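Structure provided below as structure tokens; questions to follow.
In this document, chain identifiers A, B, C and D correspond to the written order of the chains, with residue numbering beginning at 1 in each.
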């Protein structure tokens, strides 16, 4: 039986300066995150601007994260490419560098050909040939593809498939798939705004962009849930909604990086052509008022 | 002033066997295409399964195409990556290998951030820094992004931007942008079903998947248009519709490759996970009846 | 200050036989619902096939519901037409027949013209001129229109607008709008699968299609929530998911009516062209096994 | 065999003042249209704000149009409701008032239930029971439903179904369905921007909103096509594109009515909540410069 991945995983951003990655700043950020009760880190997700990285940069970041993460923290590496063979190769390279699991996004360029049968074959083939377990990554907003509950239930029977990270922004898949997945399966939420209701409905935890700017609040929410303090959890969740909306939906990765800068991490610019789609709010006078300023938007 | 790219460009498929590219088969196909009145070849488009190739494979195919193409045939290389700097690098590598122009797909992973301003900046920056001219590549079905006519008109003022290949499947952009683009601008259609009406409305020509399986028919249609034989052109266009539908919309790249096999080219399998979404029709008894069999579906 | 509408409202189906409405069967169903702890009934919603009714039929059903409903049960009438003036007239006719509130769907035929300003003007004008309060009805799946949280917050300031019924299937609007709506505002969920998490996040209750086939289970879930029995509520919610999915998403109104028949209510056929999109499951041997049979699909 | 409906049909707007219809202004507009070479008039289409009318208003407009139209002009009445039985009743009422054909929009409220089988049954049942022939009306932008070519080919075999009006904005259905529909079938274009290419590919004519503001230009384009003057037709078509875009896509029905006012017809306001989504351009100094002013946008 697989070991369930539970708790809060921070989706790491990639520090850039003039188009180059900054491994030192990456190390600094992780060192700070190590102070909080987090389950681990994700490298090479949407938050990490993975599509803008070269393979060498991806490996450098993974190596750096592995060296810096506090003991026991899990490292999940985004390794999904469009083709089956490239994804297998990338996953095994990540395994060699010590990744604990691979996050594999649904292939989506040829949308009309990505039938349930094609997706099933894709994940089963990869799971058979990789040395670390897989987490399926569903991100319909960016990919235009939504997997069925039935497919996720079937795939989660494979001993090398841990489960899924679902960034759909609704709870349908959690409700429809999780109760029918094997014991020990992992269901991680990708939407910070659904953390509390999702946990209540049986989610294992979350991979959260907000966790890069406000890791202590995400960890606190998870802790309140574990302790059964549901009223406090609800209040914290609702307070996090405007902030989460600002750093994800409204401003995307540039907004998340802006929030990192405000809170004393290194955020910095995104790689071109990724830039803020609208003007970001003026910085507040004190770092602690981050939530306040975003909430006012 | 730029030189307009006119006529029919064949979108080349990539021959695979057991997951490996077959440069010899690629050469054979091009040698056959050389017999027909085509303007040139496109390497690394959607038809060529570009997203499934490694950078080395892309360069091998480009080199092969350059060596094999009949004199005067233009070579267009798909070089669009998501990031500005990776696209510049890929475009200049293609320039070094003799590509005449680069086909640069709209970046689209972070859909909500790909505003008109971001896209404009993307293309202008690349155009400033590349040694061959660009053709913007709009493929809304796969990317989920549609550029405005205004953006295309503005970008086409840049001396290093030839124009656009539009695979939207409708004629709006052609009608709204082409009359306002500079003289000599290139507007290539990506939809085989719109070749005749598009040419009538001022398109320069097309980059056509159907041109890989039936190059002589596409060339003939273009020729009928040039000669003003509109009734014959209309009949041929309508006859091509079911075939075009079969090799593109219904069966995608696997369908196109199947059609190549039927017509004496090397088609072969696609790279995983790209496979036929539905059962392909049984092969006809003679190669000449290709259109017939597809039309019957 | 307005009075918040709380609890479970059953979305009533409309009984038909050979294309005619059956007021007697409608009465019978309501009489049975009166046994359970429900807050009230909705006539003329999507579940009631409102778009297939004539104005006379709508008024007959409303009158019948008003006469049959147990004392204290609220009657909510769907009165939204596309035009402002027709909606005002329909709402005041419903007021004359004793409706407690009107459910007014977002006008949506001219989608591109239904800007936030147009929608705001629509609801404020209607609210000014009607004798019963309004509940905004958001049903993006059928209308293709989603209102912003900002619009809902603004509209809920009007003394004659109670709040919103949200059938979007996600919790964004609840999280983003409810904390900023005036005290006493009503936020009713339209998705049976989100009842428990929605209540936890502050929803007032729900207008639930599932409540027509399984009113006692919906009432029980609400009661478990009120008592703070969250573990039991979670289990019941997850058990209801497959049933809810079957009677709403998979089979739509025909599925809901089929479930009514199985459970001893009058379901009967829908009006043409509304018919099951796929074959409905075989009836189980006993009525009590309804959930079981749907869960197995 | 059916008689094909050919040529240009003007989609009539509905004159309003303070929310009331103005039959006199409706008469005046038609009297002016009678001067031009038009095939007929459409009452109760999207352009006529049909969804905002009461049944009595619809019948008044139809009667008025019938009395005013020049001899030989065909009157097509929009009669599609969501339910089969209501549509039959409305169509037969239109027949009693002298309509030559009924335009029946695809039912669409319960989108997921409107399968090909449901739609087929809907149209065949109506065609069996109505005293005037039907034209299927596809308007995907407003309805969210697109019929398949196969369905249209099948339905057009029915002796009481003339064919289709397609407002999809692309030419796929024309190319895929028209060659396989029976001789004498009608295929009318709903997009003014596709008139010339559509006619070239075999369309019968068009039902055109632009024909309400610029009937002489639409009639001229059709005439140029009939005479085989394709170069002139192309130039006129391209000149009409910005105007068509302005009165349909950019500003919708309010834009079309504004254009009517500029050109000496009665346009007037739309019924609430239909109003311009953006500021309409300032009126030009002379009526003849209508095209100019819209083209400049």
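The rule we apply is simple: a contact is a pair of C-beta atoms (placed from the backbone, for glycine too) under 8 Å apart; a residue touches a chain by one contact, two chains touch by 3 or more.
For clarity, every value in this text was computed on a predicted model and none was experimentally measured.
**Q** Within the chain touch network, how many edges lie on the shortest path between chain A and chain D?
**A** Tracing touching chains, the least step count from chain A to chain D comes to 2.
**Q** Looking only at C-beta pairs that count as contacts, which pair of chains has more of them, B-D or A-B?
**A** Greater number of contacting C-beta pairs: A-B.
**Q** Among the chains, which is located farthest from chain B on the basis of C-alpha centroids?
**A** The chain farthest from chain B, judged by C-alpha centres, is C.
**Q** Express in whole angstrom the distance between the two chain centres, defined as the mean CA positions of chain A and chain B.
**A** Chain A and chain B have C-alpha centres separated by 35 Å.
**Q** Could you pull out the residues of chain B that touch at least 2 other chains?
**A** Chain B, residues with two or more chain partners: not present.
**Q** Considering only which chains touch which, how would you classify the arrangement: line, ring, star, complete or other?
**A** ring
**Q** If I apply the definition of touch given earlier, which pairs of chains qualify?
**A** A-B, A-C, B-D, C-D
**Q** Which residues of chain D touch chain C once you look at their complex with the stated criterion?
**A** These residues of chain D touch chain C: 19, 46, 51-52, 54, 82-86, 107, 109-115, 118-119, 121-122, 125, 141-142, 144, 249, 252-254, 271-277.
**Q** Residues of chain A touching chain C in their complex?
**A** Residues of chain A touching chain C: 169-172, 175-176, 179, 193-194, 196-198, 200-202, 230, 234, 237-238, 241-242, 245.
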